[in-house]
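We just call them A, B and C in the order they show up, numbering each chain from 1.
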Amino acid sequence: MEKDIRESIEWAKINGDVLKSLESPRPLFWVILVIALSMFGVGLGCEIYQYQIGMGVANLNNPQVWGLYIATFIFWIGMSHSGTLLSAILHLMHADWRKPIYRFAEAMTTFSLMTAGLFVMVHLGRLWQFYYAIPYPSERWVWPNFQSPLLWDAMAIFTYLSSSVIFLFIGMIPDLAICRDHLHPGWRKSLYTVLSLGWEGTDRQWRNFRMTYLTVACFLIPLAVSVHSIVASDFAMSQQPGWHVTSFPPYFVAGALYSGCAAIITLFVILRYVFKFEEYMTLPILKKIVRLTFAIAMVWTYLNAVEFASVWYSHDEASKAVLIQKATGIYAPFWWMMNFCGSVVPFVMMIKRLQTNIPVMFAVSLLLNLGMWLERWMIVSPTFSHGYYPYLWDNNQWPTLVQWGIVFGSFGWFTLLFMGFCKLFPSVSMYEVKEMVYHRSLALKHTERNLAVNATELAEKGAH
Amino acid sequence: MSVSNMLENWSKFRHMHPVDDKPHEEYKWAMAIDLDACSGCNACSVACYAENNLPVVGKQKFDAGQQMHWMRIERYWDDDGREFPDQGAQFMPMLCQQCEAAPCETVCPVGATNHTADGLNSQVYNRCIGSRYCSANCPFKVRYFNWYDYPTTDNVWPAEMTQQLNPDVTVRGKGVMEKCTFCVQRLERAKNNARTEGRLVHDGEVQTACQQACPTSAITFGNLVEPESKVAKKWAHQQVELAAKDVQAKDEQEGGSDLRGYRIFEELRAYPSVMYLERVRESAI
Amino acid sequence: MSQHHILALFNNFNEAEAAVSELRSSTIKGFNFDDLTMKSPIEHPEVESVLGERSANVQWFTLFGALFGGITAFALIAGSQGNFFSQLKGGKPIIPIPPDLVLTYEMFILGGVYITVLGFLVCAGLPARRSKLYSAKVSEDQIGLLVKVDQAAVVTIKSIFTKHQALEIQEEAGK
């Protein structure tokens, strides 16, 4: 069986390979940056138009008051769960194959959350007064409404974003020290000198570092679960047909992990190719991530089926009608595509030959995320299109180009942030890869020694 | 100061309203709409437009579903294959039900909608940041969002029509949620006058615009706390309680009830303040 | 008596650990074992056994921060709900426990994380002033041992380092 990483990689080579990724970018980088910038520009333009004229240009109406903005918001929050999964959960499980890949996953978490934050703003009718939702002591003694799930969202996402940024930064300190020590002088060296906080790898620093990392990881796991459960509560706590489902919190968390894992595969393929990280982002690790994604896909499929089953067997006529509407009404093509991408496509990942086939896995990961985006949309719009009584039925509504433009622009924003990160900071955690190599080489030596001892014993026995 | 306030009044703050409480002290505004008397003339809707400075959005936006009618007349037809289908039309005037346990109140992130002491569901335009969660959570969908900036939009209130605007009511800009307030400006004026004279508002002293305009007097409005008011008598006669469980006591009896009074979506336990009197259907005759 | 700093670089953990154990077991005049710092590119918990017990107090910060975060959050939220406005919403009590607990939980985590990180910075002494002797090799693949000794003990220490195959020894005169 192939190894996750070659145990004989020299540590100096690890430094060299990763630091090479921080060198001046090739022309292709600038091309893609310009494309991402223009995508973001499209989104910005649409938002300015909407800001000036009013939310009506998004073709929202009564009762279709929420459209793609909420759906995409939840999509981006969901994608952010990847970093926590890799950093925290796999860390607690001592799965060291996460070490080469968790750095960019954590970066993805941070930037997904920043992108989701955009949508909170875009979705508000009077976004210039968003600060009313911040609990600050005002002269009017008016505080936000702490009963509202949307406000829980605001608090939870703030907590999650700041904790992720802190976790990312703290985890990067040893690597920033490496950058400080080994990169040429210039503005970047001053940046790393400041950011690495004088880290020198003393035993005192490592000891406290280890404890801090473990403690924050232990906090991040319940945080990640609770953040997406709170986001799910936006729907679960209302009594609209199709939303008032108790399984929504775990369903959303499963969807988030699913989305995040698929995004990890996408970025894995891209970074491996662009930065030539084949030694670190190895095919066995890809295989493990693919299999993990498949497992989560099955969990999501189960929870999806549970939602359908619990509605189908209930006496809640309104919810049943919404479910039938989803499957046969005007949104049906999207609903079926969601189910196909979410539940059928993952089975490609079970074909052993294809698990390490890079183009196929890349395409599959994109399809999975498409399915997850559609899932969020299919939660929002069909419920509004088929309300409690006949006056509220057949309220089909399609988003305008303004909505699509802003959704499109958010991908450009995310790409901009991520590309900036990859060129400024090491996207593979050098010290963790060294640890991985070190412990695996120790284990290998131990096994070899044991084999040698056994062989000697056998030889001795044979001699008698 | 807040923490001490909280600790002092802890038991009061932990009380559930309206289920545990006596609902209201002096005033609880409620309505009764007789669907048998309603002819679907839409005078109530027009009066509401006039009284509350509602913008007329135009045909295109109305078709797109962006209408602003706080009081809407919903039309239903019996599908019984008769020769003249319009004959079977039924009309439901639908307005904000001013629910005692309003689903919209809990979910506003900034607290722009609350329950007042006189039993109304208030909407504070200045506080609203336009998240539209309240509308998403309303089972009746009687909340209307300002999708555009109507005061600056052409042909909403062309030139001299601005003279018609009610000075007691604001004109809302874009991004704000609005809905029926039971003509709170009229209620406030009536309560002020009564308070100056050291009394409570008499029954019939204040009328909502829709009630005032209705040609068949289908709408009854008043103070549910005052037992002699018309609306309280109607509710009592129909045996509809304000804060029942999820079904009224009279409907739990064997064979249901012959009384016409009901509230919409009783099972959602929003405890609406509007009682409808069922139309006596032609097919029942 | 002037103090000298000596930095020795080793190729791997075994050699460095051997040097440290010898230094620990020996009594050299002018050298205090607590003045020894080990610098490495990766963490190595096994080092604890040779270096001896050294404290790490980060988790006390965590406990304090989490409790502080949770309690403050509940007080703030319930206090703001119970202020003189005390508005009724949606048929719930004015101070409803379930939403308050959700936010208390979130802020418990927020407080825990922030104060843990603060604790890390305090306990690890970051941002740190750079030591007089440092080699970039420490962040690459070599392990460094930094000692602060009196003039008299310099030669002894250096010989111990050389005995354990130190790759490089840097010396610097103290203040």
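Here is the rule we use: a residue touches a chain if its C-beta (ideal position, glycine included) is under 8 Å from a C-beta of that chain, and two chains touch if they have at least 3 such contacts.
For clarity, every value in this text was computed on a predicted model and none was experimentally measured.
Of the two chain pairs shown, B-C and A-C, the one joined by more C-beta contacts is A-C.
Each chain gets a centre from the mean of its Cα atoms; the one farthest from the centre of chain A is B. Taking the mean of each chain's C-alpha atoms as its centre, the chain lying closest to the overall protein C-alpha centroid is A.
With each centre defined as the average position of its C-alpha atoms, the distance from chain A to chain B rounds to 44 Å. Chain B and chain C have CA centres that are 63 Å apart.
Centroids built from CA atoms put chain C at 30 Å from chain A. Multi-chain contact residues of chain C (touching two or more other chains): 80-81, 83-84, 89-90, 92. Counting partners per residue, chain A has 142-143, 145, 147-148 as the residues that reach two or more other chains.
Contact with two or more other chains is made by residues 103, 106-107, 111 of chain B. By the touch criterion stated above, chain A contacts chain B in their complex at residues 53-56, 59-66, 123-127, 129-130, 132-133, 142-145, 147-151, 154, 234, 237-240, 384, 387-388, 390-392, 395, 397.
Contact residues of chain C toward chain B in the complex are 75, 78-84, 86-95. Considering their complex, residues 61, 64-67, 74, 76, 92, 94, 103, 106-111, 127-133, 135-137, 139-141, 143-149, 174-177, 265, 268 of chain B touch chain A. Contact residues on chain C toward chain A in their complex (touch as defined above): 37-45, 47-48, 51, 54, 56, 58-59, 62, 76-77, 80-81, 83-85, 89-90, 92, 96, 99-100, 102-103, 105-107, 109-110, 112-114, 116-117, 119-121, 123-131, 134, 136, 138-141, 144, 146.
By the touch criterion stated above, chain A contacts chain C in their complex at residues 10-12, 15, 135, 141-143, 145-148, 152, 155-156, 159, 162-163, 166-167, 170, 173-174, 177-178, 181-182, 197-212, 215-216, 219-220, 222-223, 226, 230, 431, 434-435, 438.
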